[in-house]
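The data blocks that follow each hold one structure.
Paired with chain B in one complex and with chain C in the other, chain A is shared by the two complexes that follow.
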Partner chain A sequence: MTVTAPAHAPAPPTAPARRSGFRSAAVTAALLAPAGVTIVALVLVPLALVVRDSFATADPYGGIQGGFTLANYQQLLDPVYLKVFGYSLGMAALNTVVCLFLGYVVSYYLAGRPPQRQGLLLLLIIVPFWTDFLVRTFAWINLLSPGGPVNTLTDALGLTDGPTRWIPSQGASFVGLVYAFLPTAIFPVYASLRGVDPALGEAARDLGCGWWRVHTKVLLPLARPGLLAAALLTFVPTLGVFVIPVLLGGGKHELVGNLIVTLYTEFRNQPMGAAASVVLLTLMIVSLAVFGTAAGRLRRKAS
Partner chain B sequence: MKSAVKSLPDRATGWLARAVIVFLYVPIVVVVVLSFNGSDVTYKWAGFSTRWYGVLADDTDLLSALRISAEVGVASATLATAGGLLAAMGMARLGRRFRVAFSGGLFLPLVIPEIVLGVALLAVFGTLRADLGLTTLVLGHLVVTLPYAALIVLGAHGALDPALDEAAADLGCNAWQGFRRVTLPLLRQALVAAWLLCFTISFGNIVMSTFTSGVGTTTLPLRVYSLLKGGLTPEINALGTLLVLFTFLIVLGAGLRQMRRILVGGDRTPG
Partner chain C sequence: MIVHKSPAAPAAAAPAVKLTGVGKAFGRTHAVRGVTLDIRQNEFFSILGPSGCGKTTLMRMITGFEEPTEGEIALGGVPAVGVPPHKRDLNMLFQSYALFPHLSVHDNIAFELKVRRSRPKEAISEAVREALALVRLEGFGDRAVSQLSGGQRQRVAIARALIGRPSLLLLDEPLGALDKKLRAEMQLELKKIQREVGVTFVMVTHDQEEALTMSDRIAVMHGGRVIQVGTPEQIYERPATRFVAEFIGTSNFLTGKADGAGLRVEGLGTVPLPEGGFTGAGHLAVRPENVRICSGESALPPGWAALPATLQQVVYLGSATRYHLALVDGGAFVAETHGAEPAGLLAGGQVWAHWDPRASRFLAE
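Up next is the complex of A and B:
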């Protein structure tokens, strides 16, 4: 940089340039070091250790003994665990579909408002997004308790008769999941829809497209990058949830997150817990790869 | 301009969208209302009362958990914001290819399920035979918050005119003075937003804390989670109400413009 070179005596350009190039590289390295070390030491190395642990045998206390075995993965093929994986994938898929659908509906509505209203409405979605996760979960215990607000309402409507037990249940757990992930899903879809020129939809209408075709042929393809991002932020993260199935689902129907916590904290079987974590990690890598190729294809199509 | 008559499907989806926004608020409003319930059970209304806030203020267990959470939040938010700022400044000096590679690593924790990150850190702490406590909690929360801090600061730093550095240098500032007098003041808003959001993320974190907290360092969410396993009490609703209020303050403090930039990117207005 020019600061280091003396202003009054211009030196031959090569030598100071090389020296300042070296200094500049050292400064860059020093600036990147704290974040870089954090990622390497607290993310990459730990992940490598989990992969190693997942192939290790357990000592009598459930700790890591070392060695190499596939037993941990074989044990995960037990029907009890397979059921957890199957159930989790189903719940995550359903949650993703519902969040994407509602996310699209809300984003379409938002994008059609005047700019100032959009800011206000967006704020209405930002606040629940940042509200404490546990508060948003236990809020549903209030709502769904026998004799609680929802029950009072259904009683008044004649749908139920007296206190009804909705919680704990799989349904309550699912509502909790949708509620937890919905704001997360709205943002990327809205981000991709709000840049769309409203004239596009009108042009399609003028050319004879009905409401349905305006959406499926024009708007949905434009929203696809946002929908893909929303799916990425919903699907695998849902698998790793453990608080909601315990508090709203009564802990009977577990997600992979519950399985991992149970293996680590209750069964104290670390190698198996590591194996379950590696499976979750693999699912994430697979969905990232799918996301990457799909996004790449969209970009090529666009250009 | 706009078509005067809205089609029926447009009106129907409009109502569905409004219903979804209401759906986002009903549970939060119910927590707030029921926190002022004088009754011993959460759902039976027995008149307005603030007694549960009194009970909350006397709950030493919850208060000590609150202190742990505040300490961990301040420490991890500060480390994450500082790390994010340095990384943003360093990345601006990298070539395109290295920048993409570095940001790939930096944002990795955003896409890996948090529970896997927690398990992974536990493996490291186990290998090192480190005692779980405040330090491990802060390190765990640093992993979770650093990508968010970097995201916010990077966005703001990228929007700065690179000529500013040169202008400062031409006016006789050395690198440190240029940073102190030009870069830092311009990034102040983003840094405040990053810190506040990192603090919020750390403060509400439960997944990472499950794996990195030790005996005597139970955070507020962990404490509340174990209380909730025994059932919901009006006292927890009172605590929830305070946390909702806290969210409002954080969102206001960070500023709506920053929030928009972080969550939906850019300041473009629809054409």
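Up next is the complex of A and C:
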């Protein structure tokens, strides 16, 4: 907001300027306050508490006793826990790769449809998004149950013989992950590909590219910003997922998210749970930084 | 299979493009029907027609982006139906230029050579330098495509399309996106480049002036069919149908019934035809620049066609003067002169529009 001095009463130039500067700063602060208070109270304070807890010692009942120790982090170095972190990173990476591949294929198909049809198809992809995440995961329990729709289909195709138990398994858990994150991967890639002039693909064919090289030489490089965004939106959240491995994976192959829940609830070791949370948060921040750097390099190259 | 042109082979005598009864239907819509056409080696050929006439579909069938639903296409004597675009020995200049935004000017131009792996690396750089010189863009190799003006992009697109020395270059409305002055410049430039590289050019355009200026021969398309094929002079001076006469330049039309005496036009009497032997209903087309006007009947040259008219408007065009006339039956008639304005002609006055019958053309219905 700016305050202009009335034209009929010219004041010394510095005084109103300073006053308006002070007032606009006050207004800015007032406008920012609600958001600032919310962020501090609901994000930074809890985060600080978690970080603080991760260095605290636990009482025999799992409560926070205070003090300062690195023992919680040292315990996380136990191969049992390291395996969970490694497995989570692996699952997140695999899920990202599969989602990017499927996301690219679907986006390429979408972008090639007539414009009116694209809206409808996009809607079909979004609709499941409006359903609760938990409900959608439960739906997969029905779909994959012995004698369920998928089982009936594989029976008909001769791939299985009679009722087959798929849940719980790592495979079912992975299917759930891909299903959960595929739309998130499709949208950014679709946004990139939709902006590509169809003539570019034709120009590539005209200049000697078969269908494979039309993709590798022209369309994939042009979709790279979208692919990068999709990778970020898939990889980081997958690290924190905990519902899917419990419901579809039977909780046998845990992700970090499950580990944190277990440490807090079953083990009743709050400081260790806090330490695991801090490590997960660090992993996410590191991946964000890596993707951010890659995106920055891409932009510089483009300009 | 890449069809390479070799002058020694008997295929060199074959037309660059041979279309035989080519048609394309999209569902129940026929975009192109029964097109039979020979495009000769090294000629600048234009496919001219209004939008929706099927010219773009015809071109896309030559490039291989569309397959014909009927007929045969041969490129340099080799059947091309079923051969994918990347295996045809031709390139296309896209209307939007279709330069790859993620590549530099150099990499755009080098694209085809790199993809086809037909030459070693050093040779590619040399070829790109030559291509840039051809389109007068020396030193632009390191630029990004986004840093170029419209005219420069077009030049890069030309260099990219010609670097592999295709037998055939298809140009899709190549000058449509340029402003008027640049367009005139590029018309001459394209013609010059075509002579320099000796490649058959096939240009698709709706701009009749462009087609007349640049082409060795023109095919006029209308409603999915080729109506007339000929040199610019033939197309302009001897249009085959009323559509061609109307679409190329402007024409005055008199509609009536021809017999031995001439064309009987209701309300205007009988008008002499360019030659005898015509019978039946038809149109007489007269170009405005062939029509003279005078105020007195005594000044009419003997043997010329003449119609009384009212002078409605005189439009001074700089290089010419245009006279808008109303015939006695109310029909509009236009005359255009390049010399000095005949004296004593005022809007509202009675004049005689007259022309040498040999400069008119009878088009049977």
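Convention: the second predicted complex is superposed on the first by the 278 of 303 C-alpha atoms of A that agree within 3 Å, B and C clash if a C-alpha of one lies under 4 Å from a C-alpha of the other, contacts with A are read in each partner's own complex, and residues count from 1 in each chain.
Convention: contacts are C-beta pairs under 8 Å (C-beta built on N, C-alpha and C of every residue); 3 or more make two chains touch, one makes a residue touch a chain.
This one's a predicted model, so the numbers in the text were calculated from it and none came from an experiment.
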| item | value |
| --- | --- |
| Touching partner for A:119 - first (chain B), second (chain C), both, neither | first |
| Chain B versus chain C as contact partner of A:171, first or second or both or neither | neither |
| First (chain B), second (chain C), both or neither touched by A:202 | both |
| Partner chain(s) touched by A:21 [first = chain B, second = chain C, both, neither] | neither |
| Partner chain(s) touched by A:147 [first = chain B, second = chain C, both, neither] | first |
| Touching partner for A:129 - first (chain B), second (chain C), both, neither | first |
| Of chain B and chain C, the chain that contacts the larger number of chain A residues | B |
| Chain B versus chain C as contact partner of A:218, first or second or both or neither | second |
| Chain B versus chain C as contact partner of A:179, first or second or both or neither | first |
| Residues on chain A lying within both footprints (that of chain B and that of chain C) | 197, 202, 205 |
| Sites on chain A touched by chain C in the complex | 197, 199-200, 202-210, 213, 217-218, 221-222, 302-303 |
| In the complex, chain B residues that touch chain A | 2-3, 7, 9-10, 13-14, 16-18, 20-21, 23-28, 30-31, 34, 42-44, 82-84, 86-87, 89-91, 93-94, 102, 105-106, 108-109, 111-117, 119-124, 126-127, 139-140, 142-143, 146, 150, 166, 169-170, 173-175, 197, 200, 203-204, 206-207, 210-211, 221, 224-225, 228-229, 232, 236-237, 240, 243-244, 247-248, 250-251, 256, 259-260, 263-265, 268-271 |
| Residues of chain A that touch chain B when the two form their complex | 1-3, 24, 27-36, 38-47, 49-50, 53, 63-64, 102, 105-106, 108-112, 115, 118-119, 121-136, 138-143, 145-149, 179, 182-183, 187-188, 190-191, 194-198, 202, 205, 211-212, 232, 236-237, 239-240, 242-243, 246-247, 257, 260-261, 264-265, 270, 273-274, 277, 280-281, 284, 288 |
| In the complex with chain A, residue positions of chain C that touch it | 63, 65, 84-86, 90-92, 94-96, 98-102, 111-112, 115-116, 144, 160, 164 |
